[in-house]
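Inspection log for the structure reproduced underneath, given as structure tokens.
Note that the chains are named A, B and C in the order they appear, and that numbering of residues resets to 1 at the start of each chain.
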Amino acid sequence: MNVLTRRVASSTLVISRGWLLELRQLMRSRLYLVTAVILPLVFASLAHYMFAGSHRTEGPLVIALSAGLMGMWSTTLMGSGSAINRLRFMQVLEPLVACPTSTFLFSVPFALATASMGIYSLGATLVWSTLFFGMPVELASPLLFAVALLVTVVSLALLGLLLASAFILYPTAQSLANFFEYPIWMLSGVLVPVSSLPEPVRYLADVLAPSWGVKAIMRSATGEGGTLPAVLACSLLSVLYALITLILLRRFEWLARSSGTLALQ
Amino acid sequence: MVGTLQRNVGASVTLRLFFAAGWRSHMALFRWMRPSAFFPTVIGVPTVQLIWFVYLGHYVGTHPVAYYAVGNALHACAIAGLFAPAMSIQGERFSGTLTAVLATPARRSVMFLGRVVPAVLIGFLTSVVMLALGVVVADVELPWARLPQLVGAVLVTTASCCAFGLLIGAIGLRTREAILIANLTSYLMLLVCGVNVPLESLPDWLQVVGRLMPMTHGIQAAREVLAGTTGAGGLMLLEFLKALVYLGIALVVLRVLEQNSRRHAVLDEM
Amino acid sequence: MSDYAIELDNLSRVFRAGQGKTKRAVDQLSLRIERGEMFGLLGPNGAGKTSTVKILMTVLLPTSGHARILGDDVVAQVERVRRRTGVILGGDAGLYARLSARDNLLLFADLYGIPYREQKRRIGELLDMVGLLKSERTRVEAFSRGMKQRLHIARGLLHDPEVVILDEPSNGIDPVGARELRELVRGTVRDGRTVLMTTHYMFEADELCDRVAVMRGGRKIAEGTPESLKKQTDGQVVLSLDIIGVGEPDLDRLRLLPGVGSLSVAEVDGSQRLDLHCDQQTDVTAAVMAELRHLNVLRVSKREPTLEDAYISLVSGGDDA
């Protein structure tokens, strides 16, 4: 038991240190910060102006939340892809894989750091929306909202990690990150409810953790029922993603070692 | 035999510097040219983007879906248009070739402008493919009689976008963050260039930003051509002038950077 | 027309080092290099070699002084200098990794404005000379260091320049590759041209160069033929010991011995090679062995100083030699 506690403690330390380090790396680029400030505004404005004059009854809160989630997802995807690429470019990916800490442990902080930027991006969108588009600041149940948000962020981070583990193997996979952006918006039901998707595609949305997260966030904000089941579904799927990532990383690491793509640019 | 190959001037040498060297630099430095990246990024991203906005537009219901299809089809050229020139300039620094290139006597304006040509070509083709997709999924009706005008509008939009990409690349030589700038520009265009939201529904200051950005007048021109109304010619000319201005600024920035780098050695270190 | 291929007059280059401080990378450097000469620029890291080379290849401006190549000023007549000077960089960078060897050369051929008719012939010729004809269609990312360096040479000679600048060509190349490279430099690169090369490797300079200059702290501290530099160590002999476990206190005691000038230590195959530069008159062997009697001395020999010895005594000499 004692050994287990120590291992958990040291892993927590590795993850939190890595998270801080990665956040600092992201913050160092002034332009990344400018992007992080402007992008949510662009998404929020795009959503608001597109819905202006529409017969749809989505309130400004739902629109703002959707825009925020779009930004959150973009930040996470861009972040996990570029984190691996940056490591490759600085030629530290190989020594990192070679060190005794598992690849999973050192990649979790990247995903968490970019997802934290994602939370910020959601926050910024909400602030912009209250300032410019008259969004009401009231949330139906703030506590549930906070829980839903936290679970969604973790689920996004883990999905990003799942993709990032592929980036370790395929240097060009970062370009896939951009590709996944729109489909995942669509499947998670931001701006347009999942119910308007064609039937078979809807099942795909059901296995996507962030889409449950989006449901949970929306429901807790508007006061609809059913927040907790959505939170639960999102968490379970996230755990599943983490497990798949663990298996994949082992497999990918082996494949990358045998194909020699770790060092490639 | 030493010294026989050193003094060459003339049209053919300049043309090769413009076309052949431009194309090779593009192939060498635009990372997305390899098929594993080209199809998901240069073709794939505009495809899912067009489908998403058509789907969203259909749900919102303020404009016919063809409106979104046309806007996003023209915006599709931004992937090649913004990123290719940006990467092919900034990439010189990453590959360590900048010193070798700057030590050659090649005329800088011809050399850098030559790198815009492949981007225009690929950007143009992407937009054409996306317009075809628009015909399939969003009932875009192509006016066969006015096809040359439509080609002109797409071409001028792409050119203007690529000129802006060259400017981003020039800035990227100094800041190293050309890709981020290109990304931000591409998203901003979705909002302010009349891609998904008519310029008139934006606040005044955003309209001004939109008119200054590349693409806006080109997209409007394409919409006019498709609708069969007049006025597309003037808009195309305006977009073309914007392209020239952006090219001019980019070349000046590149020139200043090269001079500064000789003076302060700022471009050498990573 | 100037008589010299390369002329430097009081060339200086000052960098801002932050916090209002400045660093003189090149300090009042004057050199005359004859046409057809092969000249070596030696010096430790940070001696100012690279800044000098960058000024000559027109990518860095001097702060003061003048540099001329074939009579053309590198500041005022940039275009002429670039057309007549070839640049061969060392190391991994400087080639387009995703292009083939041939495409790299074609790209630079266009940048140097070589007419299309000439390009094919010239590139084939060069690829053959540097031994890359078989791998001409291979992407450079798959090349070994040695192959990249040979491609660098072909690239630098594309426009058949009269003056060639080689920046540490054998950096990071294995001994066999480095020997092949020296053959290439002696034959293909030189071929009647004026060559200025920088290097850390003394034997390389000794083998290739007609004359060398040694730089330290931005200044020229010696210049002449390799032989004349070696003569600076005339009247000296090198006592060389292979030894295990020699420490700093031992070295300090040895330095105090009468007749011992400078000394250097290098790791060789698990043991240390200790070189003592001594006066020919006084035989210090017995005294040295006495100081080291507590250590395991594997081998003792005496030899004539090499260029490397001359170089070491120069760059490790007093503060301003």
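To be clear about the criterion, a residue touches a chain if its C-beta (ideal position, glycine included) is under 8 Å from a C-beta of that chain, and two chains touch if they have at least 3 such contacts.
Every value quoted in this text rests on a predicted model; they were computed, and no experiment measured them.
Enquirer: Go through the assembly and pull out the chains touching chain A as well as chain C.
Expert: B
Enquirer: Please state whether B-C or A-B has more C-beta contact pairs across its interface.
Expert: Higher C-beta contact count between the two pairs: B-C.
Enquirer: Going by C-alpha centres, which chain is most central here?
Expert: The most central chain here turns out to be B.
Enquirer: Could you give the separation in Å between the centres of chain A and chain C, each centre being the mean of its C-alpha atoms?
Expert: Taking the average C-alpha coordinate of chain A and of chain C, the gap between them is 52 Å.
Enquirer: Compute the distance, rounded to whole Å, between the mean C-alpha positions of chain B and chain C.
Expert: Centre-to-centre distance between chain B and chain C: 44 Å.
Enquirer: How many angstrom lie between the CA centroids of chain A and chain B, rounded to a whole number?
Expert: Spacing between the chain centres: roughly 29 Å.
Enquirer: Check each residue of chain A and list the ones that touch at least two other chains.
Expert: Counting only residues that touch two or more other chains, chain A contributes none.
Enquirer: Multi-chain contacts in chain C: which residues touch at least two other chains?
Expert: Only 97 qualify.
Enquirer: Which residues belonging to chain B are in contact with no fewer than two other chains?
Expert: Touching at least two other chains: 34.
Enquirer: For a test of understanding, state which residues of chain B touch chain A in their complex under the given definition.
Expert: Residue positions touching the partner: 31-32, 34, 36-37, 40-41, 44-45, 48-49, 51-52, 55-57, 59-62, 175, 177, 180-181, 183-184, 187-188, 190-191, 196-197, 201-202, 206.
Enquirer: Can you list the residues on chain A that touch chain B in the complex?
Expert: 29, 31-32, 34-35, 38-39, 42-43, 45-46, 49-56, 78, 170, 172, 175-176, 178-179, 181-183, 185-186, 191-192, 196
Enquirer: List the residues on chain C that touch chain B in their complex, please.
Expert: Listed in rising order, the residues are 15-16, 54, 57-61, 79, 82-85, 87, 89, 91-99, 103, 106-108, 110-116, 118, 122, 155, 158-162, 191-193.
Enquirer: Which positions of chain B touch chain C when the two form their complex?
Expert: For this pair, the touching residues of chain B are 1-10, 12-13, 16-17, 20-21, 24-25, 27-29, 34, 95-97, 99-106, 111, 261-265, 268.
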